[in-house]
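One chain, chain A, appears in both complexes that follow, with chain B as partner in the first and chain C in the second.
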Partner chain A sequence: MDLVGIQIIQVLSGIATLALMGAGLAVIFGMMRVINFAHGEFMMLGGYVVIVCTEQFGINLWVAMLIIAPILVGLIGLVFERILIRFLYGRMIDTLIATWGLSLFLIGVITWIFGNVTRGVQTPLGSYSFGDYSEKTYTLVMIAFTVVIYLAIFVVLRRTKLGLIARGTMQNPSQASCLGVSPPRVYMVTFAIGAALTGLAGAILAPLNTVIPTIGVSYVAQAFITVITGGAAAFTGTVLASGVFGAVRQIISFQWTPILGQVFLLITAVILLRIFPTGITGRYFRRST
Partner chain B sequence: MGSITRRKFLATSAASAAAITAAGLMGNVRIARADDEIVIASLFDQSGGLDVYGTPMTMCATLAVEEINAAGGLLGKKIRLISYDPQSNMELYAQYAQEAALKEKVAVVQGAITSASREVIRPILGENKTMLWYSVIYEGGVCDMNNVVSGATPLQMGDPVVEYGMKNYGKKVYYIGADYNAPQIIGDWGKKYVTEHGGEWLAKNLFPLDVTEFGPEISKIQAAKPDFLYTCLVGGAHISFYRQWAAAGMLSKIPMVSFTFGVGNEHKSLKPEECDGIVSAQPYFQELETPANKAFVKRFQDRFGGPDKAPYLNSVGSGSYIGTWFWAEAVKKAGTIEREAVLKALASGMSWEGPSGKLTIDPASMHCTQDVHLAKVEGGSWKVFQTINQLRPDDVKDRCDLTKNPETAEQFTPQI
Partner chain C sequence: MTGLLASGWRFDSNRHGTWAVAGVMVVLLFILPVLDDPLLLLQVRYYVSMIVLALSMAFIWGFGGIMCFGQSMFFGLGGYAYAISVGNIGESTAPFFLAMIIPAIFAAILGYFMFFGRLNDVYVAVITLAVTLALYYFINSTSGDEYSIGKARLMGFNGISSIRKFNWPGDPKALLSANHLFYFSMGLLIATYVGLKMLLGSTFGRVVVAVKENELRAELLGYDVRLYKLTVFVIGAAIAGLAGCLSINYKNFISPNAFHLSLAAQIIMWVLVGGVGTLLGPMIGCVVLLYVSFILGTGASGGGLNTYLIFGLIVMIFVLAIPQGIVPTLRDWREQGGRYRRAIAGAVLNLAEQLPAPGNVHVRAFGERLLGVLGPTAGDRTKG
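And then the complex of A and B:
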């Protein structure tokens, strides 16, 4: 019984981790079709913001994580949108090359500033017992944050004018522009929001992991696999794909080994993309967000 | 691109074969250099993912060379050190090893950090008759006359630390490590030791180097209820394990011993609450209280910007200092830099005493008999509590005897 309970929490935590990693990419790649290879590095920046804020300036961990990290990384995203990405909309392969360069650049700059040294913040909140098992309380908090973030995204996109404009512009920029919307500005803001979500994800995951300049590499592939398998309705798709992958990986890891967990995640991705070449939401939930 | 005809292919192969042979021959002839210097090379990654290890190693080799030169040099000549930077890239390892052997004709290569990179350069230097000195702790078993090893082996580090665990914590052992040859083999050595000493080997689970999420594994360890955990995790991403282990409240529940903890300065990256109590066995700790080590640490810090700026030294970083000095002493004993004579001097069972204690070459394996220290993390730094004197590197004694079969050049793994 305890074992089942702890496994359910592990599965939820695996799903939440993937969903968090995918949220920002669902905006930048899912909605805007920019292949952002610097996604992992935006997450890494989020982690560094938390470390600098808490260690250098003594700012409260939660403030640094939930407020400062998304704002700062969002601003950094905005700057790069202005000087790099905005010239490349609609040219997917070019965005890949450009953001790959951006990724190397960010790794270089952070290494130069902080050194290639492993940093990290201690996981807050301690642990709780679950029968024979004990688990970190922070896992539950991370799951809760993920749920709140996705609820907020759905509400903004479906229920607000801002969301309507964003979705409309992504679907048909020229029509939107005829209606008095400025697509470049919408793109700029959307990209910044995507970067902010990515920074937030990196910040939330920082107390669970370590932060090094090259940590992005550990994140970027998983994020892309999740969002691509999700398909056209970026957010619903990312949630569904995270659900499948998170469950598969955690259960296999638990039953056998983490290597098989990774292997089965990739096999599942291949099978899913074979059945749904345009992603899960290419077939189901097509009208969702 | 033109098509490859048979004739063209033959011509090209003949030409390259000739070139390779010529290069090989040139490697044999040790042409007299500028008469006042002896050239040696170091091959440690000073950039890329492994620079955390390679930068202090390069510094330590530099310090050793400067000290030798300041003390009058070697055979009346100054040593010139060429510090190559293979950038954590195997192709560059191969390229620089060739350059060091064929172009620079160095007297010795102090080199390689990971076992993977050592296995790239070992055959290259062997063919070109250039000595390789490997000074990093590793999975053991290399049996090659041309490859002198001053790094410690599983018998010297793994067995003492597991023995400590089985004595103090209990007989049920659970092993986790990184997924490549060294932790794989170290795990097999661990299993051999534990089963031979009446213990129970519960599991050996390995993780790819980029894994950061250890939740399921931590639950699995809790389910298996080992008496202690034996780790051989490697690299930045894997430090997450220690963090998540502590966050799950496990640090005080299941004790941990390690082969690698501390080698990547893990105890400096984590907070003391996340790693206090972990036990490791290493041939060297910066915290060693011997006069020789205190003087060495002071010289190192004075040379590289003071105690705050100089990197923290562990058994990997300090290894190249030991390797370079030990080689120089062997040259003095041999009276020449000629490879065979130096190897012969070493194989006579030569000893040298450095910051980590006394090292003696075992002629059968060309590894070192050396002291190993057991230490526990306390308040974020190592507290050495036991020294095991003069452990022999007998990991593969049953199969490796270079005094009888000097032509052996392979790596043996444990037989279970």
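And then the complex of A and C:
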């Protein structure tokens, strides 16, 4: 019984991790159709913000994680939207290559500043025991954060004017422009928000992973696969895809090895995309977000 | 249509250019060994194996329009296929072919899911990236004794060392000498280049380019787009596998770093900088950038700040300012630039007519009427 309980929690945490990784990308790629291959590096930056804030400046972990990281990474995203991305809207492959160049550049900068060494953030809150097993309490907190973040995204997109403008502009920029909205500005703000969400995800995941300059590579592939398999309705899709992949990966990892878990995640993705080429939500949930 | 079918098996538009480039390589083939500098020959063999890799990417991306983010996986698979089979067989003829066949089979399976699932360019890029990562992690985790194929252990992150070099076919004792290895590698490079040129000039090659220019139109004309893309992908994988096998014969060693993304990234950069849609450009881009990364003091697997930082900058600048790459840009300058640009381009491209212009292949081949059907502008109009 304890074993089943701990496995359920691990599956949930696997799902939450993928959903967290995918959140920012669901905004930038899912909504804006901008391929951001520097996604993993934005997450990596979020992790480094937490490390610098807590170790160098002694700022409280939660403040650094939940407030400073998203703001700083959002600002960095804003800067690169202005000097790089905005020239490339609508040119998908060019965006892909340019943002991948950006990712190399960010890896280079961070390696230059911090060196190519593994850093870590101590996991807060200790652990709790579950029968014979013990698990980090922070895992539960991470799951809770994910749920809150997604609820917030849904509320903002569906219930506020800001969300309405964003969704409208993505659907039909020229129509939105006729109604007095400035699409370039909406794109700019949306990209920055996406980057902020990505930084937040990186910060929240930092205590559970090690932080090295090249960590982004391992994030970006999983995040993209999740969002792509999710399909047209970016957020609903990302949640659904995280559910499938998180479960597959955790169960396989538990039975065999984490490496096989990754491999099976990938196989599932390729097969799902063969069945639903436009993603899980491509066929059924066209109208939701 | 008759134009397409009648075009047959021949070189693309500019056969002089093809012969000029091939000629330069043949001259190198004969001159370099005469210099009697073993170290130079060794270096050149390394560059040659990488140029073959660059050609594979130039072919599938520049002509097939397939943005593969993990061309290094076929390079690695080819290398491992050679290393494992030569360890088991003790003779290099069959392993040499296996190094191309295994990546080709893998590409066929992966490509079936991607192209017959009709995934678009971006999805293809992401999936190839993810598969490469998965292979990298998997091979890294195979250091235990239980991971062995026949007599050959996979050795995980340690890599397989002291791999047998090529021998004369059928005679395991007669290993090729350094000079012979050079002739063999260089000869294969020339064969690959000329072979790809011939392929691109054939009916098949023209359809491939047509598919890249406008998938929908090509499909409406009755071509099975999925099959053409799959074939291009498989051919590219076989060439990359060949490159992997050649690179093993240079260093007698293979490690999971062959799958590493930094190599995959460099391949894309060679093509991007040299020029997407040419074969010559990526070859030049490959040599120049390999030399740059050599100067910066790191190899393909290096993690230094400078390589990442500078390559990142190069990529961003090229996408923003010179998205076509060097060779096509110079060609444009020569034809349409102002006085200074024309002079610069003319000076750089003083082989003038000798540079191949495969980007124009179908335009010249099909003439006015079919240009309207398959030309890039017409395609944009339909899509818009």
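The rule we apply is simple: the second predicted complex is superposed on the first by the 289 of 289 C-alpha atoms of A that agree within 3 Å, B and C clash if a C-alpha of one lies under 4 Å from a C-alpha of the other, contacts with A are read in each partner's own complex, and residues count from 1 in each chain.
Here is the rule we go by: a contact is a pair of C-beta atoms (placed from the backbone, for glycine too) under 8 Å apart; a residue touches a chain by one contact, two chains touch by 3 or more.
Please read these numbers as outputs of a predicted model, since none were measured by experiment.
Once both complexes are superposed on chain A, the partners chain B and chain C clash. When the shared chain is aligned, no partner comes close enough to touch A:F154: not chain B, not chain C.
By the touch criterion defined above, A:R274 reaches chain C but does not reach chain B.
Judged by the touch definition given at the top, the superposed model places A:T257 against both chain B and chain C.
Judged by the touch definition given at the top, the superposed model places A:S134 against chain B, while chain C stays out of reach. In the superposition on chain A, A:T214 contacts both chain B and chain C. Look at A:L88: by the touch rule set out above, it reaches chain C but stays clear of chain B. After overlaying the two complexes on the shared chain, residue contacts for A:Q122 are found with chain B alone; chain C is out of touch.
The superposed model built on chain A shows that, among 62-70, 260-268, 296-304 or 350-358, the segment of chain C colliding with chain B is 296-304. In the superposition on chain A, the residues of chain A contacted by chain B and by chain C overlap at 116, 214, 217-218, 257, 259, 262. Listing the residues of chain B that touch chain A in their complex gives 49, 51-52, 179, 205-208, 210-213, 215-220, 222-223, 236-237, 239-240, 243-244, 246-250, 253, 264-266, 269-271, 273-274.
On the side of chain A, the complex with chain C involves touching residues 35, 84, 87-88, 92-94, 96-98, 100-109, 111-112, 116, 214, 217-218, 220-222, 224-225, 228, 257, 259, 262-263, 266, 269-271, 273-274, 277. Chain A makes touch with chain B in their complex at residues 3, 6-7, 10, 13-14, 17, 116-120, 122-123, 126-127, 129, 132-136, 138-139, 207-210, 212, 214-215, 217-218, 250, 253-254, 257-259, 261-262.
Looking at the complex, you find that chain C touches chain A at residues 67, 110, 113-114, 116-119, 121-123, 125-127, 129-131, 133-134, 137-138, 141, 261, 265, 268, 272, 303-316, 318-320, 323.
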